[in-house]
Amino acid sequence: MSTDNITHTHSAHVSHHFKDATQEYDSGKQGIWLFMVTEILMFGAVLVGYGIFHHLYPAMFSEGAKQLDWKLGFINTLVLIFSSFTMAISIQLIQRNQIKKAAMALAVTILCGAIFMVIKYFEWTHKFHMGFYPGRFLDMAKTHAEHANLGMYFGFYYCMTGLHGLHVLIGMGLITWLLIRTIRGDFHSQYWIPVEGVGIFWHIVDLIWIFLFPLLYLVG
Amino acid sequence: MGHSSSAHGENYINCEKGLWSWLTTVDHKRIGLMYMITVMFFFFVGGVMALLLRLELFAPNTVQGVGQVLKNGDVYNQVLTYHGAIMVFMVIVPGIPAILGNFFLPIHLGAKDVAFPKINLASWYCFMFGAALAIATFFTHKIDTGWTFYTPYSIRTGTSTVLMVLGAFVMGMSSVLTGLNFIVTVHKLRAPGMTMHRMPLFVWALYSTAILQMLATPVLAITLLLLAAEKLFGVGIFDPALGGDPVLFQHFFWFYSHPAVYIMILPAMGVVSELIAAFSRKVIFGYTAIAYSSLGIAAVSFFVWGHHMFVSGQSATAGIIFSFITMLVGVPTAIKMFNWVATIYKGSVSFDSPMLFALGFLFLFAIGGVTGIMLAVLPIDVHFHDTYFVVAHFHYVMVGGTLMALMGGFYYWFPKMFGKMFSETLARLSFVFIFIGFNVTFFPQFILGAMGMPRRYFDYIPNYEALNKISTVGSWLILTGFLIGLYAIVQGIRKGEKAPMNPWGAKTLEWQTSSPPPHFNFDVEPVVTAGPYEYR
Amino acid sequence: MMWFNFAKAQSFMPTQGTEIAKQVDNLYGFLLITSFIACVLVIGGMIYFVLKYKRKSDNDKTAYISHNTALEFLWSFIPLVIFLAVFAWGWYIYHGMRTMPKDALEINVLGKQWAWEIEYKNGFKAVNEVVVPVNTDVKLLLTSQDVIHSFFVPSFRIKQDAVPGRYTALWFRAEKLGEFHVFCAEYCGTSHSGMIGKLRVVTREEFDKYMEEGQEEGQLPIAKRGEKLFALKACASCHSVDSPAVKVGPSLFQVFGHEVVLEDGSKVTADENYIRESILQPNAKVVKGFPHGVMPTFQGQINENELNALVEYVKSLK
């Protein structure tokens, strides 16, 4: 996205401490990316922990992965990829001043997030029902676990998907806020920084899921 | 801005009135002051804890009365944990960046504010919320894990690990947001002519610190979340009973907390660079070396965490590698020391109180530095690890370094922040007490450590009594020093003479605007044509 | 070398109980002297300069010296050389500290809140008192039953964390008779500061007598207890112990200390931690030619003492 189309005449949105819209846009974008770096590092650290213990107990992890339904995970992956697509489209549409369509695209994005969370909810409750609680709460008798520390796999599973799910919820909240502002007419071809910022956040959340899916569902 | 607001006596303090205008302000200067008040409050609480610890250690437990100030080991351990956690997470880490950095980084760059003023305010609320969570543990089951939260102790203890850890997590968010703001501000909001190489070294130090805050804090955040999950749901990652690894926690923890040591000391080095140049009226020696050694320290500091774990059971090879890299990180630190001393050479040195604190910093940091090198040497560390030698070392760096610089910086910028002068006599007196008291308190602890007294001990064998007594007496001198300092500050704010625009004759941008600065820092946006230390 | 001995004498280090302690003190003495010189140079230089260049009037002219490449190179390079020399010296001593001697007298030490439980090879147990013969290599095999502790003998300049769920080790060769303090150096809760033991160095004869007295307390040797447990847990139905013959699982005869080929072709040495792991997580490292998932895990079913006994028993199958 080039910044050349920002003209200095539309300065209504420029905050007091910025000289012009370009400076504001560049700062905002850099800020978002820096924040994304912290998100990636945070998930990165769990992945390191996952890697270490997967290396130590590959058979146990494979037993855990077998308990998950990869088909549900796969559907969720598709849902999120599609939502990333609609998110990207909404920015394009706002840049072309097609506000109504952009609002539609945002609404679809929220819907996809909701579908993701519903599927996740059913996965979790199903696991609880089967006795696959995290860590020491795992019901050894009910689950017929081969590995005494299978609970650790589910510890990772719930921590990673839970933290990710929390990000999806936050993302949905932010996109709802965007939707309201879009309908209100705050965004147009000269001003769309918040949409782009939340968009970047949403893409990163998707990207993290694309790492989590094979690691949790397909491993072993 | 067409008119000059400061000409009418309007400044950032009196432009709006009422508590609400402070709580909702997005002015970086006001946020800096709000941080100042909260950090001072927490410093007071943490300080009282320290005095209690020292009082308890005045005599072994067998001595009635003074040897049993704190009822038992549990109470001692709780006080010890609060002292550590409060001083680290609520005083030293936010100290210089959030108070002086918030106030002066935009002014140093000639900007009107930081890049994201609302996020800046949000970071203060994050900090307050996190601190509230941490303090809330005091009214539940308290906390006794030590500020390091080592597993499996933190999992097994009956105290409020989860609440404390969530508090630290939220304060970490605040730290990340401040860092993010600083990086973007430095990149995007510099005034015309303010190139990166014309930035004051304080800004360079804050910039390096901000990078560390951004890169290291997320790892601490997730580690603390996993620890909370471990405690609540027994996920098993750090729990040996489930095949987890308690030492992994230490790796994760120090991966943040070693860079955090530099989060604490780099801003102090920045302040000292400013003070030495200003009070020697001389261009800083080796500007580039100091600026880039900050970045160098920041980079290397990510690869030395294992030197906290030489006896933890990590492999001997890992120990050797970490020791080697730690030696490398010593070099840029030494360079800075030499540069500061060289800056004084052929200068015009005044002994105003901020300079005394800066010289005190050099003195104490030199000792903290050489003992740091000793601790990096493998077999020496095997003996000194977790003894009072380590306690003395990091107090020399954190208190003798960071706190000295914070005090010095505070007195240096006091006229700018409040538009008043403080009593020079009281400030000097405060320095004398703090400096002497500090050495009396902590130097004996080096010897105690060499003799083998382990840290976090509620009681000790009789050989250690004499030195512990000296140390406790020193803590009262420090207390006196800080009380005098507090009085000097309060008196200065209430009754101080009006401060001129540039009382010290320094060259950086904040001295080119009125004292206190107007709401938007400068009446006319400055255009920079030269470096920050052009004393010719 | 007068000044060197002076520095060491003023270092306040405790009695030197071992050869390693002397080496550590030599290095420490060197560090003290170099540090002192460095501090005198930096702090002394600072004090000299501030006094000499004290402000005389408000219009003092100051020199404009922005940098000096040669000087800056020198004061980066010299510290680097010193640091690296010290590092290498430290590495040398550390190597000696961490290289476990062969045929050392082994003693198991279990840390728990808040005491040290000592167990000798003959099954004799003691609390908070380690008795060792003088001039003998002694290896302590450490672990913990609850939280992390750290075994610290100031007079020997040694320290090692005792970590639950794994073994760590340290060794020493005591050269002085007498009693030495053992501290817990890793924070472990309420009575952390009370977790003080003693290490008593005695003559060989006294040590033998001490062991004999301990034996008479009716304790079985540790390996014997392992043998009983081995039978009790029905390990013998799958593992042979007196010949290399394969039953369901690999034979344990003469396995300890030898290399074992795993299913992926890699090799591990069957040391204490490997035996321990194979009992607790049998499928972590399966020997080549044996199927996965046959052996049940014993995680949570046997305690640290029993584990010690089993490991000891496997060690004794020579």
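The first chain written gets the first letter, and so on, giving A, B and C; residue counts start at 1 in each chain.
The rule is short, and it goes like this: contacts are C-beta pairs under 8 Å (C-beta built on N, C-alpha and C of every residue); 3 or more make two chains touch, one makes a residue touch a chain.
Only a predicted model underlies this, so the values are computations on that prediction, with no experimental measurement involved.
Peer 1: What shortest step count links subunit B and subunit C in the network of chain contacts?
Peer 2: Each step joins two touching chains, and the minimum needed here is 1.
Peer 1: Tell me, please, which chain's centre (mean of its C-alpha atoms) is farthest from the centre of subunit C?
Peer 2: A
Peer 1: Which chain is most central here if centres come from C-alpha coordinates alone?
Peer 2: That would be B.
Peer 1: Where the CA atoms of subunit A average out and where those of subunit B average out, how many Å apart are those spots?
Peer 2: 35
Peer 1: Between subunit A and subunit C, what distance separates the C-alpha centroids? Give it in angstrom.
Peer 2: The computed centroid separation for subunit A versus subunit C comes out at 45 Å.
Peer 1: So which bits of subunit A are touching at least two other chains?
Peer 2: Touching at least two other chains: 56-57, 148-149.
Peer 1: When you check subunit C against every other chain, which residues touch at least two of them?
Peer 2: Touching at least two other chains: 281, 299-300.
Peer 1: Do you know which subunit B residues sit against two or more other chains?
Peer 2: 241-245
Peer 1: Going by the contact rule at the top, pick out the subunit C residues touching subunit A in the complex.
Peer 2: Touch list, subunit C to subunit A: 281, 283-284, 292-293, 297, 299-300.
Peer 1: Across the complex, what residues on subunit B touch subunit C?
Peer 2: Checking each residue of subunit B against subunit C gives 72-74, 77, 144, 146, 150, 152-153, 156-157, 240-247, 280-283, 285-289, 311-313, 316, 319-320, 323-324, 327-328, 330-331, 334-335, 337-342, 344-351, 359, 362-363, 366-367, 370-371, 373-374, 376-380, 382-383, 385-387, 447, 450-452, 454-461, 505, 535-536.
Peer 1: For the complex, give me every residue of subunit A touching subunit C.
Peer 2: For this pair, the touching residues of subunit A are 56-57, 59-60, 146-149.
Peer 1: Which residues of subunit A touch subunit B in the complex?
Peer 2: Interface residues on the subunit A side: 15-18, 23, 26-27, 30-31, 34-35, 37-39, 41-46, 49, 52-53, 56-57, 133-137, 148-149, 151-152, 154-156, 158-159, 163.
Peer 1: For a test of understanding, state which residues of subunit B touch subunit A in their complex under the given definition.
Peer 2: 111-117, 119, 176, 180-181, 183-184, 187-189, 214-215, 217-219, 221-223, 225-226, 229-230, 233-237, 239, 241-245, 248, 252, 255, 520
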